[in-house]
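Here chain A shows up in two complexes: once beside chain B, once beside chain C.
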Partner chain A sequence: MPRHLGAKLFVAALLVFLFAPVVIVVMFSFNSSAELHLAGLSTRWYQDVFADPEAMQALKHSAIAAAATAVGALALGMSAALALMRVPQRLRPIALGLSALPIAVPGLMIAFGLAVLYRQLNFEQSLGLTISGHVLIALPFVLLTMSSALDRFSFSMLEAGRDLGASAPRLYWSIVLPILRPAIEGAALLAMAVSLDEFLIAFFTAGADTTLPMLIWARVVRGVDPSLNALAALLLIATTALALLAARRTRPRW
Partner chain B sequence: MTKRFGGFRAVDDVTLEIGEGEFFSLLGPSGCGKTTCLRMMAGFEQPDSGAVRLGSRDVTGTPANRRPVNLVFQSYELFPHMTVFDNVAFGLKIKRVGRTEIEARVTRTLESVTAAHLAARYPRELSGGQQQRIALARALVNEPGVLLLDEPLSALDVKLRKQMQQELKQIQHRLGTTFVYVTHDQEEAFVMSDRIAVMNEGRILQVAVPREIYERPATRFVADFVGSLNVFPFRMDERAAGLATMLVEDGQRIVAKLDASGRAATHLGVRPERIRVQLAETAEASATRLVGVVESIDYFGTSTRLQVATAAVGVVVCESANTGTAVPEQGERVSLTWDLDAAFGLPPEDAR
Partner chain C sequence: MPHGPKLLTALGLAPISIYYALLFVGSIGIFLAYSFYRFEDFDFVPAFQLGNYGDVLGSELYQTLILRTLLLALAVSVVVVTVSYTFVYLINFVFARHRALLYFLVLVSLFSGYLVRIYAWRTLLGAQGVVNEALLTIGLIDRPLRFLLNGWFAVGVALVNFMIPLAVLPLHAAMANVSPKTLEAARDLGAGPVTIFRQVLLPLTRGGIVVAFAFVFIASAADVVTPTLLGGVQAQMVGTAVQAQFGTTFDWPFGAALSFTLMAVVLAVVATFGWTMKAATR
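Moving on, here comes the complex of A and B:
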């Protein structure tokens, strides 16, 4: 018997279990039949989606939320990462751990908590509230990415630049930004990916400003519609592309 | 110059005059203020009092990026996202030097540090020694009035370090640029420098040529820091013809010169390698002669170190070059002697 055959079979089964739903959704999104059997290849469901004003509206909301989340989380996360550099080395893991809490707290708690809070404050449900929630959950990703980049950044390099004649703006454009840019871009992409497929917070706070995951959920409740597959596939492609791109950006090239 | 960090005087009323074209070293243990001195020359620190002058020009208030001096950092600090060429060209680009001239000067400088073939590489693709050369080239290409070097060789292994010492010395000779070199390694300072300033606790203890630092140290700290040392308390028993003699039991004696003002020192310092160890008791009567028993022997390859216990002055450390002559054995009685100019006067222990 080949070595570790059992283990290999187990891993194979696990992978099938993980990827089967994804593969099936993508496969049926290109299926020409509306029934649950594979017929010919077609892009009709995608055409349906793009012709559907409701879907386009949701796509727009999701795109706005993703972009705004990236900007907000980046601004807050970078400031926090810079501030963290001043925290004594010994206490830094604790500070980082605390700031990473939104990852550990159940999403439902955050979503429900935000909904209650905004209700108390008499805020009307809207995409803006959803974005604030997305910033909250994307923040740890930005913070972790940026603080590891800052850890690697040698601040004496700025002195080297100054010694060679560079003014402060020149240092920023020629040294700081190029060195930190991959991390900044990576962090922004991660934040967008987090926002794009977030459902719970959106569900509890967006109100009428339906996002893509909300739309998919609403239609699933109504019954299976083949164009759902196309919608889901679009979401899937967008988030994986962002995550992959983010992983590439955050790995230093030099 | 004086520089305080909080209540701590990192540099305490230091005055230095460094000649044009000189290879000048600041030597001292870590925390002695030598790097702070260098950083004040570079413009990264402002002296609390005092001034930095470059030729006739006062540059105390001039920020680092407008001083015609360049610094080679201990950790090199090459820009990781630029090629070697762009690293070296950085200073020239800021000064808006024309493209063809940048090309020519960068290439010429890289050649002078034998690194022309590395121009297209990134710093992470270089060895430590190569990074060191690029850091040097990046500073030199700007033709600075003074080149400051902050322990630039400390990250290299011993062999490479010795090779780079020779190269630095040659480059300095060829360019005639003033080098100010910070190090805690006395051998490095001796090999390369025209003059050395020895520092401790923010003060300068002695400024002199290497030979004088080693053979005529001004203080006990200097004597101790730059090499091994025997220190004996000295008592003048006889005095004749500019010489003071300390008489020890049965014909043993220590002879020393009187200082310029005709006084004898309270303590004498003698370097281990200046002491001659002889088996036979044949030394002439007028010279220094001590008798002792060999306590231990350490063999170093190029030399042998003996610890000799004497009744007169305790344990004396002697080091003799391995020239093929017989070495005494442990427990043997030996006589020790040294030339008059091998001994130097030192202030008592607590004086600086």
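Moving on, here comes the complex of A and C:
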């Protein structure tokens, strides 16, 4: 019997189980039949999606939300991460732990909490409100990515720059930003992935500004729609690609 | 540089602090306040009364719903933590050469479509779904298994499926505390697998186990999408009921009370689990 046969089977089975739903959606999105058995290869469902104004509108809303979330979360997250560099080392984990709370609290609490808050403030539901919520849940990812990059940051570079007479803005612009650029890009990509994938907050704050997950939800609830798999596959491919790119950028040591 | 001007530090931290205070603390605070409001003529009347909580706790329907939700979340957490722990152990000590790739593969699935992954199980588990068709083809069954979709089975499977990466993350971090040399030493001293697990692995990875359990338990107990899409009429959870209060019934104060009751019970379970683990590995 080969070595570690049981262990190999376990790992293989786990990976198959993890990726089964993803593989199924992508497979059926290229299926030429509308039935649940595989017939032949076809891109007709993708053509349907791209010819569908509702889907294109949702795609546009999702793209806007993702971009705005990345910008918002980066602005807030970067200024916080840079300030954290100045905070004594032993206090940093506490600050990071606090900032991670929005991902520890279930989506249900955040989504309904925001719905209640915005109703109380008499804000009309719109994509802007959704973006504000997406920034909140993307911030922990941005901060964690940025701070792990800052942990590896060598302060002697700054000392050297200062000794050579560089001003504070110049130090940030010429030393800090270039070194942190991969982490910043990685954080932005993760923030976009988080926003693209988010459903519950959007559902309760976006109103008529339907996002891609909202459209998928509406069509799943309505019933069988063969172009659904293509729509879902597009979302899947976009979020996975963003996460993969983010991982390449940040090169975590796993 | 770590001790630069205090003003600059405060200025850098101010925007995010204000943002969290307004949107995070603010929204959850007002959500909590709503749970004490009165619901009259489809309007929310500010008040401080415990009637909504009384309605939740006094109703047999909601007691059952909360209990069922907790039991399912508990079952899901036990399965997820056990499977993830085994996986993390294997990639660290058996397949250490491929650790990076295997860990990465699991983590990627954390970002690959929450809603899409759940809905895919309808294609997999339906009466004409992939699993039933496969079982029919190989002749294991002669008519489709109906219990696969629209019930506890589908909800459980889908929850386990997307919770695994969430548990692998803290468990993998905790497993870094265990050096292969320690395991080797224990083995050389004659410890069997059970002793090694109880005396070496468990104490060193306890923190990770508790965090993984907490993540998975909280997230499954409060999930909305999975029971709605896969639960059918039978397998409904608290999340579905809260959503119904917000969507169709429009009794937000009751929905808020239901949410906070669930959170309180869930946190109590997590705390109990943490204490038990601490006592067991002392």
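Please note the rule applied: the second predicted complex is superposed on the first by the 232 of 254 C-alpha atoms of A that agree within 3 Å, B and C clash if a C-alpha of one lies under 4 Å from a C-alpha of the other, contacts with A are read in each partner's own complex, and residues count from 1 in each chain.
The rule we apply is simple: a contact is a pair of C-beta atoms (placed from the backbone, for glycine too) under 8 Å apart; a residue touches a chain by one contact, two chains touch by 3 or more.
Given the structure is predicted, the values throughout are model-derived calculations rather than measurements.
Undergrad: Tell me the contact category for A:S167 with respect to chain B and chain C: first, second, both or neither.
TA: A:S167 sits against chain B, while chain C stays out of touch.
Undergrad: Is A:L5 in contact with chain B, with chain C, with both, or with neither (first, second, both, neither)?
TA: Once the two structures are laid over each other on A, A:L5 reaches no partner at all.
Undergrad: Mind telling me which of the two, chain B or chain C, contacts the most residues of chain A?
TA: Counting residues of chain A touched by each partner, the higher count goes to C.
Undergrad: In the superposed arrangement, which partner chain does A:L18 touch: chain B (first), chain C (second), both, or neither?
TA: second
Undergrad: Examine A:P178 and indicate which partner it touches, taking first as chain B and second as chain C; both and neither are also allowed.
TA: Only chain B is touched by A:P178; chain C is not.
Undergrad: For A:M157, decide between first (touching chain B), second (touching chain C), both and neither.
TA: It touches chain B, and chain C stays clear.
Undergrad: After lining up the shared chain so the two structures overlap, which partner does A:F112 touch, if you call chain B first and chain C second: first, second, both or neither?
TA: Touch partner of A:F112: chain C, not chain B.
Undergrad: If we overlay the two complexes on their shared chain A, which of chain B and chain C does A:L139 touch? Say first, second, both or neither.
TA: A:L139: touches chain C, not chain B.
Undergrad: Give me the intersection of chain A's contacts with chain B and its contacts with chain C, in residue numbers.
TA: The answer is residues 159, 254 of chain A.
Undergrad: Can you tell me which positions in chain B touch chain A when the two form their complex?
TA: Against chain A, the touching part of chain B is residues 42-44, 63-66, 70-71, 73, 75, 77-81, 90-91, 94-95, 122-124, 138-139, 142.
Undergrad: Within the complex, which stretch of chain A touches chain B?
TA: 154, 156-157, 159-167, 170, 174-175, 178-179, 252, 254
Undergrad: Quick one: which bits of chain C touch chain A in the complex? Just the residue numbers, please.
TA: 1-4, 8-13, 15-16, 19-20, 23-24, 26-28, 30-31, 34, 83, 86-87, 90-91, 94-95, 99-100, 102-124, 126, 128-130, 133, 158, 161, 164-165, 172, 215, 218-219, 221-225, 229, 239, 242, 246, 252, 255-256, 259, 263
Undergrad: Okay, in this complex, where on chain A does chain C touch?
TA: Interface residues on the chain A side: 4, 7, 10-11, 14-15, 17-22, 24-25, 28, 35-37, 75-77, 79-80, 82-89, 95, 98-99, 101-102, 104-110, 112-117, 120, 132-133, 135-136, 139, 155, 158-159, 190, 193-194, 197-200, 204, 213, 216-217, 220-221, 228-229, 232-233, 235-236, 239-240, 242-244, 247, 254.
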